[in-house]
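Each of the two complexes below includes chain A, the first together with chain B, the second together with chain C.
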Partner chain A sequence: MKKIAKAKLQDLWRHLSEEAALYLPAGSDGVVDFARWQEDLAVDLGELNVCVPPKKFFYPQTETVLKYEIGDDLQLVDFSGHAGERAILFGVRPCDVASFSMMDKVYLGDPADEAYRRRRENTCVIALGCQEPEETCFCLTFDIDPGKAPGADILATDTGEEVVLVAQSPKGEELLATLNGLLLEATSGDEIKVKDAQEQAKEGYVTHVSVRGLMEKLDGMFTDAYWNRLYRRCIACGTCTYLCPTCHCFDLQEYATGNCGERIRCWDTCMAADFTQMAGGHNPRPTQKERVRQRFMHKLNYFPRQHGGEYACVGCGRCVRKCPVNLDILEVIREVGGAADGQ
Partner chain B sequence: MRAASEKMRQVAAEALAEQQVTAVLGWRKKDFWWQSPVAFVETAAAAEQLTFDPFSVYNPVKYLLEEDSARAKIGVFVKGCDSRAVNRLLQDKRLERERVLLFGLPCSGKADPAKIRAAFPAKKIQEVVFEGEELVVLLTDGEERAPASDFLLEKCLTCRHPNPVVYDQLLWEQVPVRAGVDERRFARVKKVGQKEPEERYAYWANQLGRCIRCFACRNVCPACNCRSCVFDQAEPRWLGKANDMADTLNYHIIRAFHVAGRCFECGECERICPSGIPLQEINRRLIMDIDKYFGPYEAGLDPGDSPPLGTYRGEDPAGFDES
Partner chain C sequence: MASNPLLPQTAIVTDVRRETPDVKTFRVVAADGGDLFAYRPGQCAMVSLFPVGEALFSITSSPTRKGFLEFSIKETGLVTRALHEIDPGTKIGVRGPYGNGFPVDFLQGKDLLFIGGGIALAPLRSLINYCLDNREDYGKVDIIYGARSAQDLVQREELFTNWPQVRDTEVHLTVDVRSDDWDGPVGFVPAFLEQLNPSPIGKVTITCGPPIMIKFVLQSLEKMGYKPEDIITTLEMKMKCGVGKCGRCNIGDKYVCKSGPVFTLAELQLLPNEF
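Now for the complex of A and B:
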């Protein structure tokens, strides 16, 4: 367990940026997003939910899968094995860290997605424990501890004047070891401060929902009239899916010009009509009703059914904040309900 | 404000009970103080949920496009901006006037939750209401008051038509246009326009670099009412799905030109942009140019008028101006 004075964080970041490409939450035009560190970056560690979740570092919105050129023979460049840059993410919140292990279930399953796997391997995640939840935070619903982030390589905790750093993986230990000159040994007093901060983090939630029995209840709701009512407000934009840290559906597109071309993979959204549009003209999800149902069923029924009961939501609240028409997963959890004792 | 909600409930319940309409579109409260989404009310009893509060901002008019056109009459509550959306759809021949019963709501502006969060402890807020020109914030441990004008949405601070321009019934007295609206309307556009070209490009590259291509700006826009959109077309695909700057500019510029002379400045595109891109600056830039080259024109005021870019006149400027 190590620590550093907050006043020295800039030195820490400078050092980390020499180790690998360093990304931190930073404000630009009033919007906080992860950005590449440089001396004058407006780092903002106060924001709980950066606009675009850090899933983008492992699963970018757009990536080249392969390039080809047809001459005398076919020249093919396969990008799927490219390692990408070595990166460090500093200040990832526990809910977003939890989303990584959810994404791993999809992309590191069998067969593993090579590009995703290498990015995960090449990236060191430094989580920052939360201190004070926002009104739209409901990570506790999914048993995510806001002060801890077991999936991170290093956990950072703000103890007031200092930040305490705990390595949680060999990768994290290795990185901390390179920082020896900068860090101080944490004391047993610091350990108590961290524990206090973690306990404190669980206080102050105003949004309480329960998902007990929800997955089971949804088993029988595919044809329920509930969806007829729910979808009507949806304007079919991609805000909820693109800003959701666990949404992971993609599309493959060909960009062909003359005798060369590029295949790209990009985020796709089940809210759009063309998501399930077939070449022959048939669309198995013909209206917004089926699309809205799909999104919530995927998160709250299909995914947990396939992955040992784990819901595909981390309670970050981005969809609650950002949906233009206030149609969000909190509403669905509350309205569908579950076990009789659910709140 | 509470009296306003009461009045809404009463007229909606009457219209439904007397079968003048089969449904009424208004607003209702949801979980949080800042959420007043559109409500689809289909029975007189359900009219009880209707609310007109500082967050009843979302424009319900575009939902009329989704309604079965054969369906009988629908009642819609319209603020000034919403009423101009009705004219937009009428002029674009996407709505028949006889199909809607319009309840006009003169509106002094809606509140910006971000401004309220910055000034008051958000988690303690129970309810936010307007009382005259005051914003009243009811907290778990008390009540705070502040001038409403400090907490309005940017789009409301530049609104020239706070009173409905088309309606069947006006629910209460008209309200005055806010002071300073005309000065503020183009202030941001002029500021950006003063930048050198490289600097201006950098400004927009940074802003639009945050675009995630969710298409919320298009989907919320009443002027974007095409039955199918060129940007959704798969074969041929006019807009690449790869999120790169060339196609992001392609999308935003083409959309801006498509709504030029048709945008009635509701500002919803900018308000709901999840990435905080100041999209209204693009639309207002085109409005400024239209005013300059084709004479002053405001869209959505009269569905029978001739939109400047949909009409040819001999004296129209000949083409690409040297300026």
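Now for the complex of A and C:
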């Protein structure tokens, strides 16, 4: 366990940026997002949810899958090998860290996606424990502790004047070892401060919702009249899915000029009508009702049924805050069967 | 090292055969002339025509006939329209095979009833030729097939000549609308099926067609006494990746590209009705 004075964080980041490409939450035009570190970057460690979830570092919003050249011979060039610069993410919140293990289930599941695997392997994740959850935060619903991030390589905790750093993986150990000149040994007093900060995070937590029995309840709800009402507000903007740290659906598009071109993978949304529209005209999800149902069923029933009961939601609250028509997953969980039991 | 699951192999179209006014069958070999990959009847592959795009098709050839793959493709959307323009010698991309394929071992020793409609004979043809090439492993084979009109029947040589010549194999054809060049039965496939009324005893049925045909065929088969475990169908969903990641072919806790496209009716009854 190490620590550093907050006043010296700039030195820490400078050093980390020499190890690998360093990204931190930073404000620009009123939006906080992960940005590449430089001396004058407006780092903002206070924001709980950066706008675009950091899954983008492993699964970019758009990415070239292959390039081709059409001539006498068709040349196909695999682009997955180009992925994977060495990177460090500093300040990833526990909910977003938890989302990585869900993305792993999809992209490292057979057959593993090589570009994704390289990025995961070459990125060191430094999590930052939360202390004052927002009203829209509901990570605890999914047993994600807002002060802890077991999936991160290093856990950083703000203890007031200092930040305490704990390595949680060999990758994290290795990185901390390069920082020896900058870091101080943490004391047993610091350990207590970390525990206090973690307790404080839980105490400040206001949104209590339970998902006990929710997956099972949804098993029988595919044809329920509930969906007939819920979807009417939805304007199919797709914000909920684009900003979701666990949504993984994509489209493949061609971009070509002359005889050369590339195939690009880009995030897609099941809220769009043409997501399941087939060339012959048949659409298995013909109206917004089926699409809205798909989003909730996939997160709260289909994905957990496939993956040992784990819900495809980390309670970050982005979709709750950003939905223009207030179509709220918390409301769905409460109405379908999760009880507000305060546990 | 893991590879890029979205990267196709280069392949060459060696033959393009016109089946109907809007269906062509493409024969494809690997760039070096050999097999692209081993596969089972009922599996699918992604076909890329650069720079237009990529789409998923069932493999219509049988793995018993080595050295090439065949795809029967109806001119329908962007990629298929462009594919209909190409000539033999064109280089394309192919990746696969995807999906579970038909349960050829489960079918052994049983009488088989194939029920197809339109272009959806494509996946059935792979299994039909597989069974006829291993004739002693399977019982009586009945093939019920229908199309919009006489000129929309695909694989005519096999339907009219090759298949009926194989022992214990019967082909029953119907068309939706009467025409001067057709003197056979007229009517939709589900009604034709009920008319023929093949006994379910010792029989497994494999059906593929447009969604509306499948819906009514499944109803008819249940009415005729076929058990849901003995009714096999293949689903069609929009797909981009073929490897269970792009999310489009999701039905319940299944991805059709991985767990399907072949399902028994018993399996479908456990899934949400969204296909």
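Worth pointing out:
Just so it is clear, the second predicted complex is superposed on the first by the 336 of 343 C-alpha atoms of A that agree within 3 Å, B and C clash if a C-alpha of one lies under 4 Å from a C-alpha of the other, contacts with A are read in each partner's own complex, and residues count from 1 in each chain.
As a convention for this text, a contact is a pair of C-beta atoms (placed from the backbone, for glycine too) under 8 Å apart; a residue touches a chain by one contact, two chains touch by 3 or more.
Small disclaimer: the values here were computed from a predicted structure and weren't measured.
Once the two complexes are overlaid on the shared chain, A:Arg233 sits against chain B while remaining clear of chain C. By the touch criterion defined above, A:Glu331 reaches chain B but does not reach chain C.
Contacts of A:Pro111 after superposition on the shared chain: chain C is touched, whereas chain B is not. By the touch criterion defined above, A:Cys51 reaches chain B but does not reach chain C. In the superposition on chain A, A:Asp153 contacts neither chain B nor chain C.
When the shared chain is aligned, chain B comes close enough to touch A:Glu135, but chain C does not. Of the two partner chains placed around the shared chain by superposition, chain C is the only one that A:Asp78 touches, whereas chain B remains out of contact. By the document's definition of touching, neither partner reaches A:Asp96: not chain B, not chain C. In the superposition on chain A, A:Thr276 contacts chain C only, with no contact to chain B.
The intersection of chain A residues touching chain B with those touching chain C, taken from the two complexes, comprises 251, 253, 268, 277. Listed in rising order, the residues of chain C touching chain A in the complex are 1-8, 10, 31, 48, 50-55, 74, 76-80, 91-93, 210-211, 236-238, 240-241, 243-248, 250-253, 272-275.
If you check the complex, the residues on chain A that touch chain B are 28-31, 33, 51-52, 61-62, 134-136, 204, 206-207, 232-233, 235-239, 242-243, 251, 253, 255, 264, 266-269, 272-274, 277, 320, 322, 324-327, 330-331, 334.
Taken in their complex, chain B has these residues touching chain A: 30-32, 35-38, 40, 58, 62-63, 66, 122-123, 206-207, 210, 212-216, 219-220, 232, 234, 237, 240-244, 272, 274-276, 278.
Contacts from chain A toward chain C in the complex involve residues 65-66, 68, 70, 73-74, 76, 78-80, 106-107, 109, 111-115, 117, 222-223, 248-254, 256, 261, 263, 265, 268, 270, 275-280, 282, 284-285, 290, 294, 297-298, 301-303, 305-306.
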